[in-house]
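The two complexes that follow have chain A in common; it is paired with chain B in the first and with chain C in the second.
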Partner chain A sequence: MTRWGMVIDLEKCTGCQACTTACQMENARLPGEMWQDVLFYSEGEYPSGKLSWLPRPCMHCENPSCVAVCPTRATYKTEDGVVLIDWERCIGCKYCMIACPYGVRFYAEEKQKTQPDIRKVFPAKGDKVWDPPYKMPEHMQNPKWGVGIQPKNVVSKCTFCYHRVSQAPKGTVDLNPDDPKLRPYTPACVVTCAPSARYFGDLDNPSSEVRQLIATKRGTRLLDQTGNRPQVYYLAGEAPAIPETRSVRSGRKA
Partner chain B sequence: MARLVFRRIEQPGREYWAGLGVLAVLAMVGLWAAHVMELEGHVVTGMTNRVVWGLPHVFAVFLIVAASGALNAASIASVFGQADYKPYARLSGLIAIALLAGGLAVLVLDLGRPDRLIVAMTRYNFASIFAWNIFLYVGFVAIVAAYLVAMMDRELGRSDRWSKPIGWLAFLWRLVLTTGTGSIFGWLVAREAYDAAVLAPLFIASSLALGTAASIPILAACGRALGEPLLADDMLSRWQRLLAIFVAATLYFTALHHLTNLYASAHHGIERFLLLEGGGITQLFWIGQVGIGGVLPLALLLLSAPTMARLNLAAIMVLVGGLAQFYVVIIGGQVYPQTLFPGMEITSSFHDGEIAPYRASFYELALGLGGAAFALLLIGIGAALLPFLPRHPAR
Partner chain C sequence: MTATAMDRSPAPLLAYDAKPDPISALLMLLGAAGAGLGLAFVFYALLVDGHAAFNTSSDMAWGSPIAFYLFFLLTSSGLSIVASLDTVFGLRVFHPVAKRCVWMSIVALVAGFSVLALEIGRPFRMLWALPVGMQFHSPMWWMGVFYSLDLALLCAKFWLMHTRRWHAPGTHGLSVLSFVISILAPGTLGLVFGMMAMRPAWYSPIMPMYFILTGFVGALAFVLFFTAVLPNQRRKPNEALFDVLLPRLFFVSLLAVIGMRFGQIVTTLWSNYEGMEAHWLSLDSALFKIEILVGLALPALLTATNGMRANRALVMLAGFAYLIGNFFGRLELLINGQKVPLFKGYWAGYVDYWPSLTEWMLVPAGIGIYLFLYGAGEWLLRLAEAEPRQGRTS
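Now for the complex of A and B:
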């Protein structure tokens, strides 16, 4: 069975946030509700200070805390390794948001950062949050996967674009956006990434590009000490850009 | 010891009805606030995607933890064989059920989708301590109800044959229940403020203190409604010592929690925030939790002669300290940023690396107070309907 995973090459990533925007458009997210965000962090002090960045989608962990704590099994892991939220079963207790070490979960009824409140500009009927002018076709929306226009008062997060990935031909090893046949099945952030810093494929297949990259370029995972075992790997190059993998002088007081 | 006779508030006076009226209004305002939050969402609260559990959770956890401890009098009588506490056993059962009902009402109404409660009651994930707590809370109500029946039924209540074993079960169950509530936080590795097994015994100690403290003003109010005090002088000093022991135990486990955290350098950041640099959170910890909720009532309880007024004052201080304690644990633990990159300054559109702002809104306060009022309403109605109160003060 395929176990989907992502590799992000930090040496290629320019921090342009095209992935963030693509995700917003693909999944009709509200402004500020960025399933995929880019974190900027600084280290050192003038004149040797350095600014770095790191894209952060949901890590779709092998051993996810969010799945363990969800009282109703609304958050679950698919056979192909993707962590999803069943919007029809979520009771909005938000325990998963407390339990996620990566801070990648969102509650829909958040204060809007831009005015006017876009939910009032495009109001929805029923219990949906809003009715945006741009949205994926109805047949692709699936509340059981947490895909589509979100109901009110439930939790949401990155789905690895499961509405695309789950339709990939069986036996696909790598979802390469450069292959026109595979592009429709590839996550939006991977397709959009201008410097091609993102790779998506089967982590369990030794011949997959993601597996090879992790092996040959020292793929590392965020907060591995929590035991969550993310399925998003980062390639940090010769001088590891993920700070937890090296010793640095703290620039922060608390 | 004379045969125990129990009674109810048979002729409620004007004060009783006025009190009940105020509580009913507060409970209704809480219900309305929950409705508004349900319709509008986080927008009308102080909660954000960073601080997802707000003031309602503080009240809910406070009431649930106090509920477990409110059964102290009954446990001391049945489990530890102290017959002097038997006159208060029935009322302690009523208080325990009522406080739990109030806490659960707040918890459920604070859910994003309270309309899906049936999902929570039918689809369990046994890896989740939340799911376990559903069983623990429902089981607690059932066991305490059975305990009350065993004590109050004309036939069953004649001996300890039923009330003693059920009392033991209730005693053990409430220890597990409070462990479960503490473990909601203690088992989380994602937040530096939590992730500590000592939170479970800390919550148990808090429950003993808060439950005892909650019972004292209720006993005083019931005595007032009956026109005679329910705590005679000798019992006054025993309740006073009891509360002092539980407050001291809570202070001890609080110190243990923070000292354990300080031992691990990974937790120095959160400890510096909570104990030194957290602004309002730090003040709430030292002034509210430690001062008003711990040191001052302890001094009052240990250094002064027992009077109902002093005992009441100390109990109310402990309750205020308990609210401060859960605010520090729940809100303080969330406003402090998750550490993705230790030692780095982090910025993002998600406010990573920053202390998240949180100011509770009126709606949150109304829901929390509404839950407490609902609990007191249940106690008031229960005490008037059934004989929960002792006719003669103990001994």
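Now for the complex of A and C:
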């Protein structure tokens, strides 16, 4: 069975946020609701300051704590290794948002950080959060996967573009956007990444490109101490550390 | 039903004919006003803005409504434990407050559930999605199981007391079961937070015990507060309980909470672990100061000596202060676990949160529901009733 996973090469990533934008457009997210985000880290001060960044989708963990805490099983893991939310089952208790160590989950019913409130500019009829002018065709939306325009009062997160990936021809090992035949099945962030820093494929297949990269370029999972075992791996190249592993707390005055 | 129970059965289920005494009337009036105002405000805000009327966000997912709901649910379990001191452990001295405590426990649960229903995204979906989900791994699922059982058992227990079947076959067994659940329910609520290793500021095996204990002291504070307003002739027969034993038990249990909290503070401040700095940040917050000074130090000082504990006004004030501090302390706990955002980069900073007006309006709503139902119970349900002594078989 396929087990989809992603590799992100931090040596190639320019922190341009094109992936973030592509994800927002593909999945019609609200401003600030970053299913995919690029996190920034700054250390030190001028002239020796350093800026680094880290693209962050949902890690689609092997042992997802969000699935374990979800009292209704609205959050679940598919057979092909993707963690999804069934919007028709979620009760909006937000426990999954508490339990995800990677901070990738969102609840749309909050004060909007940007004005005007875009939900009021494009109001939806019925139970949906909003009705944006751009959105994926109706037949591709699937609330059981947490894909499409979401209903109110449920939690949402990155789906690895399951509406695309799940349609890939059986036996596909690498979803390489350079192949025009496979591009429609490849996650939007992978397709759009200009320096091709993202790779997507079957983690269980030893010949897949993602497996090769993880093996030969020391693929690293983030916050491995949580035991969640992300299915998104990072390549740090010669860098001494992945920025996230640096402490964010300031030195305490003794 | 046993023969002895039947002998003394003819008591009306509801004392409709009696006029409510002034205290019950006042409680119901205050309760109706608070609940009416609070609920109207919150419903209107939810209708207009949905849950965006709350200041919670994707970074501070659980806010004041959860703190408030913790306050009620944990106190409810504490009240059930106080009742069990008599009904399970046979400490007869607590008998005069047993029935009242069971009613207060039910009412606190109802108030807590009402607040939860207003907080949760889709409360009605819970009714089928929780039983269908059967997610044994989730402490929240177990919480749902235990609190549902808790409510059912408390109602059954109250029904048996109210129909004067204190010693019908099975009553003791039911009381024991209800007691066990009133430990498991707040314990599981403790696990909801205490199990979250990814939230180091909460992660602690002590959390269930801490919840049970603080709920127990909250229950004693409730009892002290609400029995202090009883008319003198109702307190008189049980002065030893009201003026000596309960205040003393309150003081001793409060010392246990203070010890536990002190241990927590020292451990969390010592740790360098990522996320624990939330506790340093909270030292400066008003919530922390209220929790410690008003909620722990003040009630301990007010009940420190036998003389002070015999002073009804001081004891009532101590109970009230503990409840205030406890409420704000729960809010502080909620914030501490989420203050340091998970995985948002340096630029995100710490999460700022203060409840919105709509959230604050849950306070009169919840307390109003509690006061109204408690006052109604006081009026209609013979809460001061004790089992006739001659009827005891053991």
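Just so we're on the same page, the second predicted complex is superposed on the first by the 236 of 254 C-alpha atoms of A that agree within 3 Å, B and C clash if a C-alpha of one lies under 4 Å from a C-alpha of the other, contacts with A are read in each partner's own complex, and residues count from 1 in each chain.
Please note the rule applied: contacts are C-beta pairs under 8 Å (C-beta built on N, C-alpha and C of every residue); 3 or more make two chains touch, one makes a residue touch a chain.
Note that the structure is predicted; figures quoted are calculated from it, not measured.
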Three-chain arrangement built on chain A, chain B and chain C clash or fit:
clash
Please indicate which partner A:26 is in contact with in the superposed arrangement: first for chain B, second for chain C, both, or neither.
neither
Touching partner for A:93 - first (chain B), second (chain C), both, neither:
both
For A:202, select first, second, both or neither according to whether it touches chain B, chain C, the two together, or no partner.
neither
So in the superposed three-chain picture, is A:9 touching just chain B, just chain C, both, or none of them (first/second/both/neither)?
neither
Footprint overlap on chain A, comparing chain B with chain C:
32-33, 39-43, 56, 65, 67-74, 89-95, 97-103, 105-107, 109-112, 152-155, 222-223, 226, 244, 248-249, 252
Touching chain C in the complex, chain A uses residues 32-33, 39-43, 53-54, 56, 65, 67-74, 89-95, 97-107, 109-112, 152-155, 222-223, 226, 244, 247-249, 252
Chain A contacts chain B in the complex at 32-34, 37-43, 56, 65, 67-74, 89-95, 97-103, 105-112, 152-155, 222-223, 226-227, 242-244, 248-252, 254
Residue ranges of chain C in contact with chain A within the complex
50-52, 54-59, 61-62, 120-123, 125-126, 129-130, 132-135, 137-141, 144, 192, 196-199, 272, 274, 277, 280, 337-338, 340-348
Can you list the chain B residues touching chain A in their complex?
38, 40-43, 48-50, 52-53, 111-114, 116-117, 119-120, 123-125, 127-131, 134, 184, 188-191, 269, 272-273, 277, 334, 338, 340-350, 352-353
